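One chain, chain A, appears in both complexes that follow, with chain B as partner in the first and chain C in the second.
Moving on to the complex of A and B:
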């Protein structure tokens, strides 16, 4: 965000006005986030089955169970981090390329821009349904095209890594326009002079890109990356609709793991423990990323 | 990085060929981006028998839409989604505009604490608070009700939108508000009559985003509602598993769910692009 803050407080000592402005937001935040998190934290220390909440204290047993679950350690966590990194990096590179493309004027630029922004309006659930249909092993268009080309169709959603690939592709497709939008706005607000000077000096396109465009876009890129990384960590809907975490449980991400524990295994206590562990992980990642943003934005 | 190497090859070609190549690349990219949606629309217009012969179906029909609309649950889900998205947009704008204004115009411990709180809660994964919210909603009698779905949808946008709103207000010169105060305007008057009108484009951008986010949201409804308040995303996800093989109906429902978002985004696009300059 731009930080053209006004320097000193505008209205002097206006505590009451200040608090009234944030009161509705603070009340809602307390009721619907703080209170539930407290209840979840409480439940994570208790024997709390969904339909049989005995609520007896079990200490750290749920945390131990989650942290020693090989499923969580060797499938869910790696999946979540691979997903986060590939999704953010893939969409960033694609989004940047498209933003650079759209940044120069050409006939039909507006139309192309509108088409490229289409995925932004598509609900993740719908995107997942579309991909599930396109990658259907019997009737899907992807296999039909492959067979038309004389290649073998693949049972895409039945094997772990192809299924994971389809999930990643769906996510990158969904979020690339978001980067394009923000980076294009950033590109359009850059000053012209350095680029004109570079053009006069006959600097190569690649050098202009690495030495001018990228450094000048850095703060926008960093903000995009932080926000998206945090959001990618909690992805639920596309995985739920595309594979339901399957085949087996091999494409489960952290949100799905907590959901499955609480609502399918009906162990609310352990699900809450998993949700809290995930929350702590992302808070640490978020804090580190925030530091990085802060440092980069200042230099 | 094809983007980068291209100009080198590019430069040696005559102008006409360059234009043609550029056009082809553009067309290719657009086609790939739009293809999933186009394919969905095509599927929704096909007969059930045609759906399963990818390269043979040449007959088209609107029957799928008619059949889907006969399902009361689907119609109800559309109405619910629209209602909740609209109400959530109105209320969440009311709440976040004032909170963003506070963040922008005040400094000091209170503003810093609020900003820190917002950042932390922006990072908390949905599942960490929506999972226990299930119990909260049940004990408050909000489970499977409109209010019970609406309030979390308002709460979820507080953090991100307050943050964006702060950015917008930061870009608006506060000296007009000073002037209004000196002229005897109250603080509320300065906020509502002076600051708000200049923030209208930003508010419009947030309104469009909020409506889209709420319309598209899935996890809240999955956890916080049962049968009484069906919303469209959950109904569709159930379709995939329950009547998974009837792809023509599935596609028709999805196309109808895309429509309002498309219309809104087409009209709101310019506000969003203008409003989102970071």
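Moving on to the complex of A and C:
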């Protein structure tokens, strides 16, 4: 009624209703995503620590410190990328192998399928604790078995590369079923006829795999890899639980590095700077991977 | 276009590429018996069309010949070899699928070369074989394209090409024209026919379309519920259907069926119902002597009914026009005769007719069919 005299309102009835519907999500997103990022970004330019209540503006000093920290450059970054590549590739290969095995009918298929999915239902922290005990050098079952076989037990979590291997194994174990699930769905959605045509044309199993299955499954594989690569970049829980970044700082991944700075050293400024550097790296990696996906999926 | 030499890189000397099915059976689980005791011999270079409604077992039969389905019972021979337990790749057959089954991520050339590369044939020989196939099918301009850039008809030609480059002992076609529109289907039908003339190879063609079966097949095999109903040349199947099912399935529009009783009137037999009384002059009349005063099913094809017929009262009957379908080249009449519906084809397009008109229809000599109402088998002399 008032609109007749004061002119049209800013939003129509329908728009106002839509804004009302979006509002709760927008408020939550702002409170818990946008504001913290802004605060973090602000902190990264300040000397923000418990011992300095003034939060002095220091410009890019924290960024310089992180980017010139040899620990960050020569341990944390390589670790993070090695972890990302090996974890994604390992779980992909194993997941694909399992998916191929499950994609043919056999007795007890449903049971095997369910059992294989169990790791997906285990919380990563639980899996990591389990692994830590299994690879404990004094009480662990792995060493017990090795010694029972007459071999020497290894100090698994005390050496850099064995510890890193255990971390990788845990992550691959956790994520293989996820690949299996998605790739199996992909395999089952493939048309049957090209494979029948190939069978009639006398194609060997390996050639069917390399020339038909893989190319036809490519879009699913690429999507899996992108999602998991970005996810792997920010892995925290299993490393923290298994080794805490040790021995020394030799198995630290990027997320641990930022966490230790911010919440153990309580240097929020430096920690925030590290987190933002990580954010930028993952943004670039993600964008590159995404472009690759796009190109591969289109051809 | 020079006529290419039939055959590809390695011509089969034996040429004994007949296919023999004996007592072939297929069960899916305990309940579904898809193919029942199929006996069929397909001669070398013969083109046989398996036709029937969906679910009649024709595709299953073809897939068993290809080796894509296990055989539950019976025997399949290709040439002299029993192939029951041979994997598809060892049967030396080629197959064309309904949805083409091309390798979407490969170029047309690579699609054609794929089967040959499996056999580790030299690239020069592969190129020669592909050139030959491309010549026959007119594929030269498409070689670099991907299948999805092609029309349905072009894709199916590529699929045909993939078969001929391999020079197999037999071609198996699984409803290859069903995904094409009507016009293209007619073109491809002719193309397949021409291909068979140029590269005479034993062929089994599965279709649910009786027109395809009739036009392509040297012989037509009609199947229903997993059983072969009749196998014969198109003309035999059309003129002498062995049962009511074959009679109704082959021919378009479908044959008309009327329930009648056989009676003797003097020296002649007549087929009589409340609305119809026709003198039987067909050769099968002798066999009908055993059916006097018993009900039978009488069949007459729409194209064997003629409008008018005052001259031969004993071979004509009265019908009530319900629907007039003008096709330009002819009129199709949908009429009612007593309780039965009777279709009439090939009525001259100029004929002035409207729904509700009374017309007189007469039957061409020798064109009545009779079937046992219980077994549905044809009653023949």
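The criterion applied here is as follows: the second predicted complex is superposed on the first by the 269 of 299 C-alpha atoms of A that agree within 3 Å, B and C clash if a C-alpha of one lies under 4 Å from a C-alpha of the other, contacts with A are read in each partner's own complex, and residues count from 1 in each chain.
One rule holds for everything that comes next: a residue touches a chain if its C-beta (ideal position, glycine included) is under 8 Å from a C-beta of that chain, and two chains touch if they have at least 3 such contacts.
Everything numeric here is computed off the predicted structure, so don't read it as measured data.
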Q) Should the pairing of chain B and chain C on chain A count as a clash or a fit in the superposition? A) fit
Q) Now for A:230: first (chain B), second (chain C), both, or neither, which partner does it touch? A) first
**Q.** Touched partner set for A:24, first chain B, second chain C, both or neither
**A.** first
Q: Identify the partner contact of A:207: answer first if only chain B is touched, second if only chain C is, both if each is, neither if none is.
A: second
(Q) I want to verify the contact counts: of chain B and chain C, which reaches more residues of chain A? (A) B
Q) Touching A:197 in the superposition: chain B (first), chain C (second), both, neither? A) second
Q: Figure out whether A:144 sits in contact with chain B (first) or chain C (second), or with both, or with neither.
A: first
(Q) So in the superposed three-chain picture, is A:249 touching just chain B, just chain C, both, or none of them (first/second/both/neither)? (A) neither
Q.
On the A-aligned overlay, A:215 touches which partner chain: chain B = first, chain C = second, or both, or neither?
A. second
Q. Once both complexes sit on top of each other, what is the least C-alpha distance from chain B to chain C, rounded to whole angstrom?
A. 12
Q.
Applying the document's contact rule, which stretches of chain A touch chain C when the two form their complex?
A. 191, 193-194, 196-204, 207, 211-212, 215-216, 218, 299
Q | Residue ranges of chain A touching chain B (in the complex, touch as defined) | A | 1-6, 8-11, 14-15, 17-19, 21-22, 24-26, 28-29, 31-33, 35-37, 39-40, 43, 97-98, 100-101, 106, 108, 112, 114-127, 129-134, 136, 138-141, 144, 148, 173, 181-182, 184-186, 189, 205-206, 209, 219-220, 223, 230, 233-234, 236-237, 240-241, 244, 254-255, 258-259, 262-263, 268, 271-272, 275-276, 278-279, 282-283, 286, 290
Q. Where on chain B is chain A touching in the complex?
A. 1, 3-4, 7, 22, 26, 29-30, 33-34, 36-37, 39-40, 43, 51-52, 54-55, 94-96, 98-99, 101-102, 104-108, 110-111, 114, 117, 119-136, 151-152, 154-156, 158-159, 162-164, 166-167, 170-171, 174, 177-178, 181, 187-188, 191, 212, 215-216, 218-219, 222-223, 233, 236-237, 240-241, 247, 250-251, 254, 257-258, 261-262, 264-266, 269, 272-273, 276-278
Q) Can you list the chain C residues touching chain A in their complex? A) 66-68, 87-91, 93-95, 97, 99-106, 114-115, 118-119, 162, 166
